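Structure incoming, see below.
Going by the order they are written in, the chains are A, B, C, D and E; count residues from 1 in each one.
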Amino acid sequence: MNAATQRLAFNEPTWIDTIAAWLLALLWILPLAYAVWTAFHPAEYSTRFALAAPLTLDNFRRAWEAAPFARYFLNTTLLVAMVLAAQLVLGTLAAYAFARYEFKGRNVAFALVLVQLMVMPDILLVENYKTMARLGLVDTLVAIGLPYFASAFAIFLLRQTFMGIPKELDEAARVEGASAMQTLWRVYVPLARPVYTAFALVSISFHWNNFLWPLIITNSVNARPLTVGLQVFSSVDQGVDWSVITAATLMTSAPLLIAFLLFQRQFVQSFMRAGIK
Amino acid sequence: MSSIALIDIAKSWGDSTALHAVNLQIEPGSFCVLLGPSGCGKSTTLRILAGLESATAGRVLIDGRDVTTLPPAQRGIAMVFQNYALFPHLSVADNITFGLSVRKVPAAETALRLRNAADLLGLGALLERRPGQLSGGQQQRVALGRALVAQARVCLMDEPLSNLDAQLRQDMRRELRELQRQLGLTVVYVTHDQAEAMSMADQVVLLHQGRVEQAGMPRDLYARPATTFSARFIGTPPMNLVALESGRIAGSDADTGMQAATLGVRPEAIVLDPQGMPAEVQSVEYLGADLVIACRIGSQTVLVRTDGRHHAESGDQVGLRWALEDAHGFDAVGKRIH
Amino acid sequence: MRPRAIHAWLMLLPALVLLVAFTHWPAISTLIDSFFSTPKGKRPGVWVGLENYEAMVGDPVFWKAVRNNLWFAGATIPTSIALALVMALWVNERIAGRAFLRMAYFTPTVLPMIAVANIWLFFYTPQYGLLEQITGALGLPSHNWLGSPSTALGAVTVVAIWKEAGFFMIFYLAALQTLNPSLREAAAIEGASRWYFFRRVQWPLLMPTTLFVLVNAFINAFRMVDHLFVLTRGGPDNASILLLYHLYEVGFSFWDTAYASTITVVLVAVLAAIALFQFFVLDKRVHYK
Amino acid sequence: QTPVEVQFYYPVAVGGPIAKIIDGFAAGFMKENPGIKVTPIYAGTYQETIVKALTAHKSGTPPVTSVLLSTDMFTLIDEDAIVPFDDFAKTADDKAWLGGFYKAFMMNSQTGGKTWGIPFQRSTVVMYWNKELFKEAGLDPNKAPANWAELKDAAAKLTRKDASGKVTQWGVQIPSSGFPYWLFQTLTTPNDAILANEAGTAVKFDDPKVVEALQYWVDLGKAGVHPPGVVEWGTTPKDFFEKKAAIIYTTTGNLTNIKANAKFDFGVGMIPANKRKGSPTGGGNFYIFKKATPAQQEASFKFIKWITQPERAAQWSIDTGYVAVSPAAYETDALRKYGRDFPAALVARDQLPFSVAEFSTHDNQRVTKALNDGLQAALTGTKPPAQAMQDSQKEADRILRTFK
Amino acid sequence: MSSIALIDIAKSWGDSTALHAVNLQIEPGSFCVLLGPSGCGKSTTLRILAGLESATAGRVLIDGRDVTTLPPAQRGIAMVFQNYALFPHLSVADNITFGLSVRKVPAAETALRLRNAADLLGLGALLERRPGQLSGGQQQRVALGRALVAQARVCLMDEPLSNLDAQLRQDMRRELRELQRQLGLTVVYVTHDQAEAMSMADQVVLLHQGRVEQAGMPRDLYARPATTFSARFIGTPPMNLVALESGRIAGSDADTGMQAATLGVRPEAIVLDPQGMPAEVQSVEYLGADLVIACRIGSQTVLVRTDGRHHAESGDQVGLRWALEDAHGFDAVGKRIH
């Protein structure tokens, strides 16, 4: 009923919760906070926290110059968009079939999907490399994304969500003459919006940061993602240079953090039973 | 215009059986009301008709075509759900026109139908709202609107007016009936409102525990209830059923001249007449236009409906009278005998 | 086949094709490899039957990794799920600084592991590391967290919990947003405390998400080793070695592909058995209409 | 006529604009050799580079050439992935070039009488000390400890504790995470022990001289002058900058880093001797892959020869801090001048005559892990040194069985 | 027993205002019915009373204590939600006893109350079911049960019987009223059912567009509607409101002898009498016990409720008569004048 917009504060966080939540958050954000501190200060302050420490952008300059980051940003953005789009489309279709269709072999098929969760992609490097070589896709963005297009994680997550969507709405749509695809697209997908948001955030983060497979399957700057550039700084032969690593990290992660701050607003009560008695 | 037939429809969930071999014939273009106590299987019948629930046994025919296994979308129906089932993420306007946009009805036509429906239902000012921002009755009207704009040949309505005020309900009834006649819709309508059933139906089907208890024209059901269940179910306050002992009202000497196990007489058929059967007022219920007086005769209680301006008090002695043609007789198992 | 079944299979088809091509097919070839010896240069692999499996049973590092991994799983799964839930419950409500809190909890997912592990390395560094600076200020003795066998595993576990809790938080948050607020109202009328409401209403209704999170947490406990490469490399003396790390060593350092396949097969089989068991047993009980 | 394309994988293991330098070399080479197109491909760390190279190799599309660890030689041979250089060195000039590298570097590049790798980005372990701290401890800041006894002595003087008895500054620090075997060689070599035979088929971990070397390391810890447990390699330079360690052992590859970041005067010296002087070499070699076409292999040979010419080697050394691979390089004007301005850069060269091969055998990483585990066990006190080395020996024998 | 007072309560969502300065006084232990058209603010009033919605302005007092900012749990109330708000994962029994287990009521007591409620509501056989396996009416009864077992001093009910059949509703009304009296509950009850309002209420509050239109005893509202809105809203079929032109029914010569802009007369107050005002039957609606005849006088239509056994046909000429005391006069803005 008429709830969503204004609610009285009942059963809501107390000040104890607020304090605890903030403490935990400060703990959680510590690595990021450290990264910010270190990136903006000269190297000798990377382990010392003096208020008077001078600020500098030099670390960022060094990081930026170490690799063709502009190109990498472009590649990564394209990659992430492509992978996410494919995952959402394929995952949505498959999840819908699993959630709302009864058919022979459903459990087996679902088990087969889940298997992907357990098989670690890195183990499949050599085989998948061979496949890409056969397809002539080595050193392309598509090759980086292709093995991830079908995501068991997405299918599983969306299936769970679709199962929770009130059957009444499915029925209403079908009575209105909507086909399965129309029902999916016009009822299920919009209702699952918070979950799509969650998945998108996670998937984007993952592929933004994914490293080994992109490194192996690509050779040229034209196809390589950001992390390949970032990895330049992680060589430990010389010991860890926190200043430049953190600067590079902030530089590459900033879009994600900003995206998160924008997207987290999508987590709004989109409860599914508002029009159901 | 579409005819509908249910043939030996049964429905069970595990042990619990909601419908036992229901048979039903609905004329094309007629208005059929399903009536019955809560949980008797009205919604289930509707849902089987719509193809939302698969019958455990039996067949569904629409226009003579067997649609038992057809999906809802292919049955050419519209439906108002008892629980509304509005799409929470869509505005009122989008909810109402959902089916039209699914069927790719042209925009102009859609806008026209939407405007008509919104005017009819008094939703004009709310078209941009989401269901979560509506009152219960407004939600129900949106659900009704969604079914109306579809202009399907068969329209199923599950208590579509239950959350509306009397006024509005009255208006809606009239409009619905008119629309149904105009468009030649076949309507199957669930309600628990007697007046609704009586005033709208071409045919009333009374369900009881998953079986058809009686089906017929409203006047017939009211005037000639086939069983004591029908008798008591239709009419407010319900028909008085008085136990007889060899023609006399149980626990009294009042002779009814009836050979039946049970005598039925409607409260509104009883007149207060000092010359009538002596009775004592037990309690009085004021209903505005009417007054319902519960009177005692022997061991039996008899309700009398009378004019609201009457005054009566508990303990008063009154006389009751009714015409012979208003007396119904039932046998021991509740079947009508005369 | 009934048309609905065909329909369903058609919807599954694109995903299944890709899964077969990039997961199942390589997985099967991995299975086959595990029955052959490792091909080395000109020497092709020969059929050795279960020899690789026997070698695995006799490999003390493998068993050490198994023990460590069980401990690691036992610590990370419940802790990260519990923390994720608490975080999600907090940031689902109107709490001061909600956007910031959400971001804070989510940072582990956003930051690349390469960088993050190096930052954690600093936290754990003896003498001037952040942890030492704090414990030092409290007058506690210095400790080499990553360099001593007694604490190395614990230290990498903490990093894993940090990463996982924030990750799962987001799914709980999304699920909480879809719960019917009327239920909260009904519970409030009945005077239910927050804990009671959580226990009787939110928790059962979150079960589908919990099942999802549980299966993933369980699998991740055996898959999350990225930070090990920077933090301890499984050391000292295998004190913090985990199965997948061992697998990487065998596969990509020793280049003993047959043995790596063997470990993979066993790991995947055990994970699959347990995960599918969790799923198929619990799934029936967690969905309410 | 289309140019011959040479894909060239290289790792980045030190800071600085490595990619730019490599690209510069490639461009320079292509200008001189228009028929060849060299495509340098950055491939991550050493470990990632070999994963990438071998994955590509196993899929039938390896690079033509790659810089990989010198210790990967046996692995690459066993995988039948590479070809020896001898096949390409046909002219006298070529042969002279092959003979022109430091012997210490060639030890890791040759086996069975063939040359499989060409030294390129090579390093060795040296000792760095903080002159200021030496002064504070009453030691001569310009005289580094030259042998084990002096080292232990100096370390004791350099160790500082605060009031609560907590150590705030360690005398000496030898890292032991990741690749402890390499640092361990800075102790076994002076103790006159060689861990593996040249064929890479036998090891001598249980040699008393090896155990003694380990005992010395462990004793440093027990004496409280060296941090307990396993010491992280990656943070060791920082420990040095932070004056938490007065003397550290680390690679010459760190020289540029330390020069840039140490806010104090520091010295670079040879690894302290015991029975003799000595330190292991390390770093990466060029390899040529077998599955490339002969034309590509020839072209890559040309490129490798070109890039290791003295001027280029000198430039590479100055730009990156790696040791130049041939004596001739140190004779170039550039490096001479550099050496004059920054004598510390020459310590590695001076140490090379005493240097030995980095530990490497067949099934290298596995044997290495056996050794590493033993070392870490001893350093963390889980096992006594002798026991630890015996266990490692047993494991290594088991692994190497098939190569005998 | 608890008294309730709403003082100047207002509620808006952005631009749309649901309540404007509502004032309401409810006596302890009384049964107050909120009545009004769909969307007039009944549920909102209840939800503000319950503390589920915060009022934009005004104060809520329960037992004289200002509870405006108190959470629901501390107000000592029970509530039946218009949309039921059942816990989908709990059985019927657990739904009903949810509040009791919150308050740690002893098991025996809980079981007793559950059994009583289940018996009362006819849910005995369904206690193990989940809400999803119930019919609409059964769900509503569960919602009712949950509020009843709480035995809170104040009970808020939002259309608690709307989805029940007439029979059951009748029974429930009686039971509720009895329970309320027995336990001395203060009940605020929303309904759109006139009969319910009339028969149950101690006080009826008629809301209209977020304002209190009239409040008083049921009989008063029926007998002396304060405005034309009240007049038309209460009573089915509603009071006839006939436009007068200097005492005559507009468009006719029929003199009513009234000085008012509008004449109100209830359909049930009109008798068919050939000597009465001449009128023509326009249409006839059959309602079982009653027949409602729409008659035309001049430009006005007048509904007449008469006995269901009457026969009348469209076009018949009839005469209408009513007593003077049944005639209500309203001024041009709809206020009662006499």
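Please note the rule applied: contacts are C-beta pairs under 8 Å (C-beta built on N, C-alpha and C of every residue); 3 or more make two chains touch, one makes a residue touch a chain.
Each chain and its UniProt protein: A = Carbohydrate ABC transporter permease; B, E = ABC transporter ATP-binding protein; C = Sugar ABC transporter permease.
Worth saying up front: this structure is predicted, and the values here are computed from it rather than measured.
Engineer: Upon optimal superposition of subunit B on subunit E over Cα atoms, what rotation angle is obtained, reported to the nearest 5 degrees?
Structural biologist: 180
Engineer: Which one of the chains is farthest from subunit B, going by Cα centres?
Structural biologist: Here the answer is chain D, farthest from subunit B.
Engineer: Find the most central chain, measuring centrality by the gap between its CA centroid and the centroid of all protein CA atoms shown.
Structural biologist: Chain A is the most central one.
Engineer: Have a look and report which chain pair racks up the highest count of C-beta pairs in contact.
Structural biologist: Top-ranked chain pair by contact count is A-C.
Engineer: Tell me which chain's centre, taken as the mean of its C-alpha atoms, is farthest from subunit E.
Structural biologist: Centroid comparison gives D as the farthest chain from subunit E.
Engineer: Subunit A to subunit D: how many Å between their CA centres?
Structural biologist: 39
Engineer: Using CA atom averages as chain centres, what separation in Å is found between subunit D and subunit E?
Structural biologist: Measuring from centre to centre gives 90 Å for this pair.
Engineer: As a quick test, compute the distance in whole Å between the mean CA positions of subunit A and subunit E.
Structural biologist: Inter-chain centre distance comes to 53 Å.
Engineer: In subunit E, which residues are in touch with two or more of the other chains?
Structural biologist: Residues 13, 43-44, 51-52, 71-73, 81-83, 133, 136 of subunit E touch two or more partner chains.
Engineer: Where in subunit C do residues touch at least two different other chains?
Structural biologist: In subunit C, residues 118, 121-122, 125, 128, 180, 182, 185, 187-188, 192-193, 230, 289 touch at least two other chains, as defined above.
Engineer: Could you list which residues of subunit D touch at least two other chains?
Structural biologist: Residue numbers touching two or more other chains: 51, 178, 234-235, 238, 242.
Engineer: Touching residues of subunit C toward subunit D in the complex: what are they?
Structural biologist: Where subunit C meets subunit D, its residues are 40-42, 118, 121-122, 125-128, 136, 139, 141-142, 144, 146-149, 230, 232-233, 235-239, 249, 252-256.
Engineer: Mind pulling up the subunit B residues that touch subunit E in the complex?
Structural biologist: 13, 35-39, 42-44, 82-83, 133-138, 140-141, 158-159, 162-170, 192-195, 198-199, 218-219, 222, 232-238, 266, 268, 285-290, 305, 307-308
Engineer: For the complex, give me every residue of subunit A touching subunit D.
Structural biologist: Residue list for subunit A touching subunit D: 43-44, 46-47, 65-67, 125-126, 129-130, 133, 138, 212, 215-216, 219-220, 228, 231-242, 244.
Engineer: Contact residues on subunit D for subunit A in the complex?
Structural biologist: Subunit D residues touching subunit A: 7, 11-15, 17-19, 39, 41-45, 48, 51-52, 55-56, 58-61, 123, 178, 233-238, 241-242, 250-251, 253-254, 256-257, 261, 263.
Engineer: Which stretch or stretches of subunit A touch subunit B in the complex?
Structural biologist: By the definition above, subunit A touches subunit B via 1-5, 166, 168-169, 171-179, 182, 186-187, 190-191, 193, 270-277.
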